[in-house]
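Chain nomenclature is as follows: A, B, C and D, assigned in order of appearance, with residue numbering initiated at 1 for each chain independently.
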Amino acid sequence: MSNSLDQARYQLALANRIGAHEGVLDGFGHISLCHPTDPSRYLLSRSRSPELVEPADILEFTLDSELVTRSDVLPYGECVIHGCIYQARADVGAICHHHSTAILPFCIAGVELQPVFGLGATMGAIVPFWDSRDEFGDTPMVVTKPEQGQSLARALGPHAMVLMRRHGATVVGATLQEAVFRSIFSHRNAELQLRTQALGQVSPLSRGEAELAGSYSLRERPMGRAWEYWTTRLKKAGELPPHGPA
Amino acid sequence: MSNSLDQARYQLALANRIGAHEGVLDGFGHISLCHPTDPSRYLLSRSRSPELVEPADILEFTLDSELVTRSDVLPYGECVIHGCIYQARADVGAICHHHSTAILPFCIAGVELQPVFGLGATMGAIVPFWDSRDEFGDTPMVVTKPEQGQSLARALGPHAMVLMRRHGATVVGATLQEAVFRSIFSHRNAELQLRTQALGQVSPLSRGEAELAGSYSLRERPMGRAWEYWTTRLKKAGELPPHGPA
Amino acid sequence: MSNSLDQARYQLALANRIGAHEGVLDGFGHISLCHPTDPSRYLLSRSRSPELVEPADILEFTLDSELVTRSDVLPYGECVIHGCIYQARADVGAICHHHSTAILPFCIAGVELQPVFGLGATMGAIVPFWDSRDEFGDTPMVVTKPEQGQSLARALGPHAMVLMRRHGATVVGATLQEAVFRSIFSHRNAELQLRTQALGQVSPLSRGEAELAGSYSLRERPMGRAWEYWTTRLKKAGELPPHGPA
Amino acid sequence: MSNSLDQARYQLALANRIGAHEGVLDGFGHISLCHPTDPSRYLLSRSRSPELVEPADILEFTLDSELVTRSDVLPYGECVIHGCIYQARADVGAICHHHSTAILPFCIAGVELQPVFGLGATMGAIVPFWDSRDEFGDTPMVVTKPEQGQSLARALGPHAMVLMRRHGATVVGATLQEAVFRSIFSHRNAELQLRTQALGQVSPLSRGEAELAGSYSLRERPMGRAWEYWTTRLKKAGELPPHGPA
């Protein structure tokens, strides 16, 4: 068991760094992963910028977002985003919460994301909106309370991604690779949609195209090719996570 | 023969890395090259991101896109783009298929590319559009079947480049250098056209200017200068391909 | 005392380099810091680009912007920006003056900055405008005279940031970390507001959200996380300041 | 004499690399310098991308753009831009011809550059337009004939910079530092003007402000600070030119 947990922590640190290196995460945002053997727990770094996360930073939480790991380091303030979604969605294996510069304009303007190329269709045909103001009025624009996390999980529903008004996005995947792949290509889709709007009318994929392209892109071959690419880029930049002690 | 083939594989790996380093290719997209001595075959990497391609990754295909190299590695799913164009165009020596962030807005909005500066005129006066939906209805937005590749080749016709709606672009050249040069400068032209549209009315080159500038730019001196530049940039970044075994 | 002064000079050099590395400062712009033990003095580099500042470049000035350090190096021409604000605002511990590519369009168009995400709210609910032409007519677009610095300080009033028409921005903080944090995230906010405007209507944080988010973001945990992130990025780039002699 | 010539060649190679590193020059474009001791000659690299230019690449030309250096390397095709301007303007000591991504949209749309911040005012209050089509009809969009260079020099007149429709810009300076400083900051001004137009109405410097700010910025202190900055950035990137043999 210790072996698969070590590997999970390494993979999660790697995913954090890939998300940062490819422009989805910056100083803030975080990625979590279901515990590899205990479905009642999830893994998430201590409060640290994703680009810096090491295997040794990874903490264990219950699905109620109680810290299990004995440690005096600080967790992120927004753990409940992860716990509440894992509670609501047994099919979800990994979650990425971010505030990318491509996604945020859609969150600020309230403009719908539409799949504009094949890889963008991995975000699903519908990307719902959640506005913390609807249920909670004025807040510090963070999701720190269980009832807020539950509300967000309800807005996500069965979908792959939810936009959070004036805040960012939360993206889920069956696996860590899928959550990262979807986060990066929905971010690219947003950038393309934004650039296209400056040029002319956006003509998105049809519903049928989006469904076919989404499934096609989430197969092992394209996801594996991208994962090798992102990992090699990290390695060339000297940014692979260190192999930390268990 | 083995010698010229080794060299072709090295040059093709180099071209893939140049395309990635200069921003035309990312995790996806691919470049192919006619076999240096056997016109009934072409060379294309196994399924791998262009930035990582090594000479040892290069496979041989018939023009029907049957894999000739004995290997258990996976080819790209879209080989037929290359095979079908080589079948239709004896004058084509190399092909680049990509989804660059500058070209895609034109593919999504359906806005025509126009040559806006001398080097951009290398894409030719007319850049046709192809929409997979016209003949094939809803697809996963990839070109994987011979009849799709043939349809794309027909849309390309005698031109140097074809835009693929909601998908990307396919660019051809008499030589590898020409295909890369044209891919990079049509990408730059698209970026400039997009930026100009945000500023005021685009006033493109006249037809006469475009023809003269296209021919002028595709001579040995400018193409050689750019090739030295891109190769040196790769070298400084430590990204030249390794010299692989035959 | 010498110890805390050495540390202050190192921290100020570090802050200059962080501001440059994160895109707020370029060849021009500067950051100052109150003297750690003598409230009648402030610290500011000699005339040098922020990315290059070393602890040994840091000079001492009176609040009248008289150079105290015996030296024949040149100070910046715009010292009075710093001195006049320290004179007017006892609560200010550090000041950043910059001309970032995200902030300048707002200074040139005269468009109001609005908090569009939580971290952007650190700039405060109101960001006033100052136009040198109002009181001083045609100038070389620099703030070099005490009466100009005093006018700017009046425009800043009790706020955290002031936009300078056709010039740039001046941002203050209780501490060096706060001034840098606010400079970077107001810059990001401006970039997001600009990008959102190209997409649709900007729907900013409510006044209540802005106040809550501003306070939340300026706590130790987020500021410390960002500071570790920026410092580590500098370190990885080999850009940490040298430890200079006192 | 050999000493000052060696130094001039080194400085010119350095200037080419600075222009490339700061985003004004790419694979194409070139910078020339008056011969340090012989006013009837100028120095210009052989046909090579600016980022790669070495002191040993620098050739000598007469003001009629006849190559003096005995060499079998190829010169740039557009030497006459330099020769014809030196013939017309005894006050010009260095010239930069480029096609930057910020300047080109103005050349393509025919929109006037306006000084929008202090450093941008170094381009002068008026930046004239030249259109090769007016006198020469359809051309390959390059300036290769003496009569074309002379026409361009007439359009430049007494100004510091001329925009070339659908082509690029040519910028002059009394010294090499001034030509580079003006090229970089007019490029930045263009980028800011473009971004501001997307946000709201551009409100440029008044004529009086532009004159005062232009003179102020072209003094030794700001130009020297920027030169140290750009040179240090090159050095950190390992991109300083080698010291070539005379």
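Here is the rule we go by: a residue touches a chain if its C-beta (ideal position, glycine included) is under 8 Å from a C-beta of that chain, and two chains touch if they have at least 3 such contacts.
Because the structure is a prediction, the values reported are computed rather than measured.
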item	value
Contacts common to subunit A and subunit B (chain labels)	none
Interface composition of copies subunit A and subunit C: same or different, split at half	different
Longest centre-to-centre distance from subunit B, chain (CA-based)	C
Chain centre separation (subunit A, subunit D; CA means) in Å	46
Chain centre separation (subunit C, subunit D; CA means) in Å	33
Two or more partner chains touched - positions in subunit A	198
Pairwise touch network: line, ring, star, complete, or other	ring
Pairs of chains, among all present, that meet the touch criterion	A-B, A-C, B-D, C-D
Touching residues (chain side subunit A, partner subunit B) in the complex	116-119, 121, 188, 191-193, 195-196, 198-206, 208-209, 212-213, 215-217, 221-222, 225-226, 228-230, 232-233, 236
Residue ranges of subunit A in contact with subunit C within the complex	27-28, 47-49, 51-52, 74, 77, 99, 101, 104-111, 133, 137-142, 165-168, 194, 197-198, 238-239
